[in-house]
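Each remark here refers to the structure printed beneath this line.
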């Protein structure tokens, strides 16, 4: 299937921007589940999901797919920290969604559970969001401020 | 008595068994440690063995900047190695956290968590440097470790 | 058997004084040959000795008293059992022995695996338990051919005395019996392709995972002694020359034992480890076939 | 006995910490749960706080085994953003180092696989051969690990002795064909351990997004070097081995054949190496925008996404490594297998947890 037909089927009005690193499109009102089902039917391959925070709130979700060697980058935005899960259609997306929660506390609707992947089970999700104001500091001692549980332990409060 | 003492010292020098613990390493140091076992370097000549169980070990070799999740394991393993024991920090990460310094999920450097006896600098250190570091650790071990 | 002779056999030859250095020698030979076959130089000959001394000089970890007692007693028992088995080996003909010592030998040889199974469970580690389970399954698998071979020899010689068995020629029975016994050696010694019970990449050190310092030293010693006892048993059975002079018998005994170590080490170096079910199958099928063959021959061709 | 057996986080068969919890019935595995994150160093977080030059050193340390693919992919993303052409000689050098890294990585993996099935001698043979590749990499880059060869716009060091590189590649190919491939494919104990074990079907591989040799051993002919050629791959003559079986043996065969192909690629890349500069200048300014880059690493497709606001610090760096996609398939592969097979099956995807966790 050609990339153009994919946009038509998804009723995306914007056109592909073709670059050296693949096809790019911005589709603010994208139905991600319809996209997932369509790309499954055309034997595309899941590449990954890139989540970036949008200045002023919300997130930009960039879905990357491989269609017979072409990289399709389909971007959409969500105003709040909630979007639809596609892990039931594409098991391959499971870890990427769990990771997005770890980093940005983004929640995925339609999942039974969304356990931590990189963080520990007891950690609060959204590590990147929580530490946004923190710069790169060469002294690791300062990083202790990030993690509330570690602060307690260093103070000798370990149970 | 002196004979026994010197026998024990010699045996510790001739039979150091390692336990390797990856505390969030990138694999670079780990793979060079494995290379030490292979035909070109063959540390078994020196009686060095890599053991699977910490209870069998004399020397704890730690690589990586110590991530939050590996810290508990590090402490458990340290307690499981019977005395006398020596801790070797393999590579730059356990010494200084290297490029990972400042990460919110890194708790290193290693000397905040365990007493470190020998540092083997390098990113990663060459097998020759690793063997030299272990030789340093062996000398400490013969004198009864750091404990 | 006089008390003096029994003590000599237990403490000097082929017992303690001979067996302990030779145990270290055999452990070294196995490691050295493996290393050479792998293009490495390998450990110096004193390696197992220094390993032993070093482990002995380590401070044991604190444990609950009952567990500590059991974890110390089991390897001691394994060492003692193997030494007892060694003392029974009739290297010298007419050196005594008693009717029925074959039964005692079999019982004594079963002590180390039994201790290992118990050790795995006592140490309360999941890997120790897995190692123990594997040890138990394997011992069921190899016991049939191992016992069948010995029983066939006993039936052919019409005696349960080791020294009688070791002196009669009866090659038609001895050959399949020796093959069956040889097949059992790698699994009893936990080397490839049957190193299932101590498969490091699967279950750490198996039953001895949780043992440290002096307790581990005793296991290493017991393991070395098992090498001496099992290759020794095979050597005694493989050289049934009743009239040979005692120095010749001693030399041949040592020579066959050491040669067998080299063969086993070479086979181990050239193979991968089989899985538990695969290993057990080899014994049920080929081991038992050889053992049964020896028994049938012993009965129909006396 | 307790029915849940943990493998890891520290286990003799694993170089790295991670955990598989196995619901077992005796020695048979019913279900597996994978826990990762032990090596989580928040590299994406760090990358958003360091400048591009520092990031190049940082991403090299995502993984010590396939370090070169990370700098290569990151450099290619920046080149895409900046619209920079890499000189032809630099492209050839990149391909040589890229394939030499595949060689050492596959040999390392073959050794570990042999070790996991208890075949120590084969492990030693593989590692002895691997030292030849290490010598090659050291001669080219000056380092045995973390070569620091790539930078945006080119490479940092020239290949001064191309003849030696070609000769080494040829020697490795011969040794591979004569010594290692026959043992892996014909030894009876190896076959007994690997054939029919840990099967991943084609459909599962597709649905779970499996990559690299894992996908190719399950009948999916995907390889970025063919599908979306980068550097000089469209001008090279090489095969992509594919096997339909999907078991451990198929993954062994695919990688063994890939080693031979990599040797051929190195020989060709050295052979046709043109004279000229090895970089497009000392400093490449990165304009605002976003770009992706993918290359075929030893374990499969490596994906980078870089967003820039025009400053010297990136806005977002996204790293998707092949093991991140391959690892979940292990839970499918180990079902109904025995406990003894689990270390082998997890090793058969050539896992890299420092890549996965970042």
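For this structure, a couple of remarks:
For clarity, chains are labelled A, B, C and D in written order, and residue numbers in each chain start from 1.
Criterion: a contact is a pair of C-beta atoms (placed from the backbone, for glycine too) under 8 Å apart; a residue touches a chain by one contact, two chains touch by 3 or more.
Note that the structure is predicted; figures quoted are calculated from it, not measured.
Across B-D and B-C, the chain pair carrying more C-beta contacts is B-D. A straight line joining the Cα centres of subunit B and subunit D is 27 Å long. Centroid to centroid, with C-alpha atoms defining each point, subunit B and subunit C lie 35 Å apart. We define each chain's centre as the mean of its Cα atoms; on that basis subunit C and subunit D are separated by 44 Å.
Between subunit A and subunit D, the centres computed from C-alpha atoms are 24 Å apart. In subunit A, the residues touching two or more other chains are 120, 127, 131, 136.
Counting only residues that touch two or more partner chains, subunit B has 38-39, 52, 69, 102-106. Multi-chain contact residues, meaning those touching two or more other chains, occur in subunit D at positions 11-12, 37, 40, 42, 45-46, 49, 124, 128, 357. All chain pairs that count as touching, in label order, are A-B, A-D, B-C, B-D, C-D. Contact residues on subunit D toward subunit C in their complex (touch as defined above): 1-2, 5-6, 11-13, 27, 114-122, 124-125, 128, 187, 189-190, 192-193, 338-343. Listed in rising order, the residues of subunit D touching subunit B in the complex are 9-12, 15-17, 37-43, 45-46, 49, 54, 57-58, 61-65, 67, 108, 111, 123-124, 127-128, 130-131, 134, 144-146, 352, 354, 357.
Those residues of subunit C whose C-beta lies close enough to touch subunit B in the complex are 31, 35, 38-44, 46-47, 49-54, 57-61, 200-201, 204-205, 209-213, 216.
Of all residues in subunit D, only 36-37, 40, 42, 44-46, 49-50, 77, 80, 206-209, 222, 224, 226-228, 291-294, 301, 303, 305, 307, 315-316, 318, 320, 324-325, 327-328, 357 touch subunit A in the complex they form. Remark: subunit A residues 120, 127, 131, 134, 136-140, 142-143, 146-147, 150 touch subunit B in the complex.
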